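Have a look at this one before I ask anything.
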Amino acid sequence: MIKKSIALILIAILFVAIFFTLANDLPFGDNRTTTGVSDKYIYHGVNDTGASNLVTAIVVNYRGFDTLGEVTVLFVAATGVGAVLYNMGRPAGKKRKKTEASLIVRTGSRILFPMMLLFGAYIFVHGHLTPGGGFQGGAVIATAFLFKYVSDTRYHIDHNKFTATESVVGMTFALVGIMGLLLTGYFLFNFLPNGSPGELLSAGIIPIIYVAIGIKVGAELTGILDNMMEVEQ
Amino acid sequence: MILTIAVAILILMMMVFAVYSVETKDLLYAVVGTMAVSLIVSILFYVLQAPDVAMAEAAIGAGISTAVFVIAIKKTERYEHD
Amino acid sequence: MDYTAFIRPEYVLMLLFAGALITYFAGKYSSMARYSLSLLFSGLALLMVALLYGKNTLSVWTPSITPNGISMYVGTNPLTWFFAIILASLSFLTIMYSIPIMKGKRMENWFYTLTLLLMGSMLGVVFSSDLLSFFIFWEMMTLSSYLLVTLAGKRSDKAALNYMILSTMGAYSMLTGITMLYVHFGTTEFSLLSAQIPGTPVNFLWLSLGLVAVGFLVKSAALPFYVWAAPAYSEAPDGFTPLFSGALSKLGAYGLFLFMYVIVGMSALIGMGSFRGVSSFGYAIALLGSITAFIATLYAIREDDIKRLLAYSSVSQVGYILMGLGIGTSLSVAGSLYHALNHALFKTVLFMGAGAIIQLTGTRKMSEMGGLATRMPITFLTMLISIFSLAAIPMTSGFGSKWLIYEAAINKGFVFIAPLAFVASVGSFLYSFRLLQAVFLGQLPDGLKDAKDPSLLVTIPMIALTSITVLFAIVPGVPLGAIASAESYMGIQPIQVDSLFYFRIGNSFGAYNALVVMTILLFAMLVAMIMFAFAGSKSKKVDQHDTYLSGEIYEHHSDLGLHYAANFYRPIERMFEPYLRLRLERTYDAFGRGYELLSEGIRRVYSGDVQTYVYYVIGFLGMLIILAGWWW
Amino acid sequence: MVNIDPTLMIGIPLFMGFLIPSVAIVWKNSPRYLAGFTILFNLIASTLLLIRSLNAPVISVLGGWQPPYGIVFVAGPLGSMLALLISSMTMLTWFYLPPHIKEGNETKFYMLFILLMAGATGMVLTGDLFNLFVFTEITSIASFSLLAYSRGKDEKEAVEATIKYMIIGSLSSAFFLIGIALLYGATGTLNMADLASKIPSANHNLVMMALAMIITGLGIEAEMFPLNGWTPDAYTGATHPVSVMFASVVVKAGFFALIRVVFLIFGAATEALQILMIFGLLTLFVGESSALRQTDLKRMLAYSSIGQMGLLLVAFSLNNQTALVGGLYAMLNHAIAKGLLFMAAGSFIFALGTRDISALNGMGKRMPVTSALFTIGAFSIMGLPFFGGFISKIVIIAGSMQAGTEGMLVAILILSASLIELVYFLRVVHRIWMREPEDDSRLKEAPFTQMFPMIVLAAFVFLMGIYPQAFFKVLIPAAQELLRGLGTMIGGA
């Protein structure tokens, strides 16, 4: 009870302080393109990067290094989940609960699974053109695998293949960065031609990176799910 | 105008769900509550013209993380006790 | 080859540090090598120190060691030499003495290594001519002496730890003061510092000097800090105690001399405030010294443990040194330095004798000894003379130094200090008499029937030191000559020494001709002995047991407290009992325990509960945000 | 001279981190060698970088987008020194690792290990605030994962510690992120130099709110007092090399990030420094006092780490050159000596099978070499002459004296905390050398591969104590870099 009230008071203080600071001091909704870096992104983004989706232009090109870092974060986090959950001495994947899913679910998943994979792939392949990108596409792919897990009790992924896939796509991303350094002297430099914005094959290295990210994120999230499902009760 | 009202209603709903998921003792309900929060946030992002973020929120917040929570609850206990 | 090029203080230090290392490794394989090497190194160092007499050197011996380019200096001057020769000769003699005493004791090899290290660091303290090296050697000295105390095994743990904690506290206080001086003046070299002292704000001087002095007061076991002394001196290995009490305890006084008179200088010291022509700072030191001397004497009187008795006596004698040092007149400083020398001589002999006796009897309780005078004549004689010197009985050099200090205190009319010193002096007679009586006179317990003098290695140092005591009693001018030049180095008017006749100590107020006094006393003694010899014919030999045990056999009743030494000064003890119960140790203990309890409480902050930690984080953020709104 | 671009110090480890799992499928022992190779590369690169950066800061622009539009790496003497520290500590820990990893975990362990190094290196080299956040995330998540992988005998302990660390760590990143968002909202830029130039004219309230958030977020990584609940459990639960990494790499990088944000972005805002000073002193006292009564060796070292971080906070918040040099010296000394202590303690615990301090009685006879090394580390932390800690303490005290009357008080407080530190370390050292062992049998010393890093560290501790000039050559420009601020450093900003 005391703890709860302390918590409430603390939260209240934080809330009031943050709320009023933001409400009074942060110019919500104003045009602030002149104050910071955003004007460059908005007015030159498409020309600079060749990506029609500005968010992608920033995330993958202007600040591609952050994205490399974020991919690593996800990679490490997935490994970490494995670390917390794994247990020694017992081979994984033996103790899943054997409750069969219903016929509808099983049939539906069989039809939907490839479509979901395709949708995920679509999202990250078109990351530089339409909203979405590697992270979103990867999450959709992971959802597809989740579906598979739910419908099929015997289903489990081939760890080695997944690991290899993850590795290859992760290395692709890092290699693209290193190649940029070798070719132009800048890490992660866009060394491919920008093409004409709006086409599928445009925006230089962005599609390569986004495909890599999509596959990697999909594999990692699936890995997390796999870890969660197969842990001992 | 209508948009403003809709957004206000969404925000209110979001707050209700958020408080509910903190307060309920049934963790499964709490997870559903957070999923609802994520969905509404995702809609709000869309309204604020951030489709990329909206997609990410929908796929990860409402999809994957809910699944992770549900699996975790299934492996442990459904009810919270002090 | 010109050997004098090697007579430099830095080579002495290097010799000793290298010697410590060599002795450790050689000593691991052969005990003979250990003994001879440690004797060789310490003897060589002693020789070099002796040859440094009269030299004034100053040299940089390391490249600069801080970002602001502080270099380390070593040098010699008359004051330094005076202390260095005491430290070096005591170290050498103690090593010699330790060979039989420490034989087969725990970690014997470490003992010699550490003693050489300690000797090196003590000499380093006195040779160092800048603040930084002074502090470094000081710390080394503390550490090596701490390790030496712990060599005695488990029973010395607590004493050693207390010693280390208090010393470190003092050292840190000193460090603070030193850094203040350094930051203010931008230099660490002593002569450069003292050149800049005039005109420094008084408050600054008080603060820095006070902080530095705390370190020295701790080392000399003065009043608020004396609690470490008795346990540490008494629990230390027998081989180390003579050096510990005889040499190490002087370094506090050396430090005070250095900072008060060499660095700050007399005029600036008086400028900090004066009291009856004596600087207030010095007066405070003198007061602390006299109270320490008084209190420690009281404690010494009631001790039955021979080493503890001597330990308290040490504390009290160092109190005298501080007293003379603080008063700061030509006479008192001479007395103080002279007493430092005397104390080094007689206390070392006493601790050596005590060590030999303890090794023989296997106990430290005086009430289990007795009657050793005839069995251990050399020990008895040397200790007897030393006790005379300790009790400041005329005819010994101890008298000369105390006389100088009293005279200085009386000259200045210090109504508080002088009486305390007198009372303490009477007290020191009382406890030294008890020591004499209980250990050497009275019954010889059965177990000690075949006791005899220890080996030559033990007796030679004792005899050597005792003969110096006697020698200086006759020719006090010899040490006082060195003292006078040290005084003039410190900018104090040197005491006048009749350079033709070393027997006279004189000043404008009065003179003391040692030879005359000695002759008169010897004559008086002769008369007394003759009278005793004539009267002796009337005496009758009675077995000691009969006189007060009515023929009972003593051994059966040794627990009855029938020994001479049991309850020796019962009435005096009873008189002071209520006051003595207010021991300072308890305050320290309570503080220590209190802090441990507190830290136990603080540890609870880390409850191991994540929720609590999250509260801390959120609370911290909330606080920051409130502050952000409030003061920012 | 070969110039290695600082970005490669991130790129190569990430590449290798991704590579290791798949190579391990076909060649089981490869992770150790691949990781070793990567660390060696970073070690060489950071050494070269340090030499270069002493002349002029090395700036590497990522993706070809000039700051403030893109991300930039800025390696001044300070950053490169820390990068060198990180890679060399990682290298030495790599030597120490083998028996402390459970079988079957090597692949992921080594992968996380080099990613941790990459994250920490990125944290010290990056010149972009959001990038700093990303690297902080990599570092802290890699630390959680390493902690989780290092289960020892007590399975639950490590997992529990992981979960605690994770909860508090996610709070940390949440606050840090909000702070960055607020700063971006107030100034519209993320580049550190650009931020530094824009903050004075930005909305004060927002900036202060952001500062509060960032201090809280990074304070958690830097073990600042009320935020460091994760520390004792994490250090205790982790396997010994991971504890070394925590003390010498993770916390140092977090601390450095905090200092950099406060000094370089906020221009050593007085308010922030006051907060750091007060909480630094609190950290110092709480840490040392908690260590005083510990009976668990690793917990004691963990609390001592907290205390030392408090000392560093105090030193840096004094904000003058001498104190900063002292602080940096203490930082180096702590990284090296505490690493040594954790390694030696690890060897003790490995041989004894218990973390109880009372089991150390007479270890000086049973494991003499390890005991000697432990003692060297302890002496350095205690600040005895001829060890690195002494120089750092003296320089910090001198620096605090320059800060006037409050500085005097600070000096006294620092020294009294050191006294507490001395007491508990002395108790342990005393036990090791002076007590009689209950069981006289000689224990097996660690093999040479494990002894080697300890000997190297001990040599450095000595070197720092007797030849500090070599270190000042780097530390003085580093401190000046902090004091001068970023403004002049980054071209194009």
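We call the chains A, B, C and D, going by the order they appear; numbering starts again at 1 in every chain.
One rule holds in what follows: a contact is a pair of C-beta atoms (placed from the backbone, for glycine too) under 8 Å apart; a residue touches a chain by one contact, two chains touch by 3 or more.
All values reported here derive from a predicted model rather than from experimental measurement.
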Original post:
How many steps does it take, at the fewest, to get from chain B to chain C if each step moves to a chain that touches the one before?
Top reply: 2
Original post:
What's the chain with its C-alpha centre farthest out from chain A?
Top reply: C
Subject >> Chain nearest the overall Cα centroid >> reply: D
Original post:
So which has more C-beta pairs touching, A-C or A-D?
Top reply: A-D
**OP:** Could you tell me the distance, in whole angstrom, between the mean C-alpha positions of chain A and chain D?
**Re:** 30
**OP:** Please work out the Cα centroid separation of chain A and chain C, and write it as a whole number of Å.
**Re:** 74
Subject >> Distance between chain centroids, defined by C-alpha means - chain C, chain D (Å) >> reply: 45
Subject >> Length of the line joining the C-alpha centres of chain B and chain D, rounded to whole Å >> reply: 38
**OP:** Send over the residues of chain B in touch with two or more other chains.
**Re:** none
Subject >> Of all residues in chain C, the ones touching two or more other chains >> reply: 618-619, 621, 625, 628-629
Original post:
On chain D, where are the residues touching two or more other chains?
Top reply: 163, 205, 209
Original post:
Can you name every chain pair that touches?
Top reply: A-B, A-C, A-D, C-D
Subject >> For the chain B and chain A complex, residues of the former touching the latter >> reply: 50-52, 54-56, 59-60, 63-64, 67-68, 71-72, 75
Subject >> chain D - residues contacting chain A, complex >> reply: 5, 7-8, 11-12, 14-15, 17-23, 25, 60-65, 68-71, 102, 104, 108, 111-112, 115, 118-119, 122, 130-131, 134-135, 137-138, 141-142, 144-146, 148-149, 159, 162-163, 182, 184-191, 194, 203, 205-206, 209
**OP:** Sort out for me which residues of chain A touch chain C in the complex.
**Re:** 3, 6-7, 10-11, 13-14, 17-18
**OP:** Within their complex, state which residues of chain C touch chain A.
**Re:** 611, 615, 618-619, 621-622, 625-626, 628-629
**OP:** Could you please specify the touching residues of chain C with respect to chain D in the complex?
**Re:** 63-68, 132, 135-136, 139-140, 143, 150-151, 153-154, 157, 160-161, 164-165, 168-169, 172-173, 175-176, 179-180, 182-183, 595-596, 598-600, 602-603, 605-606, 608, 610, 612-614, 616-621, 624-625, 627-629, 631-632
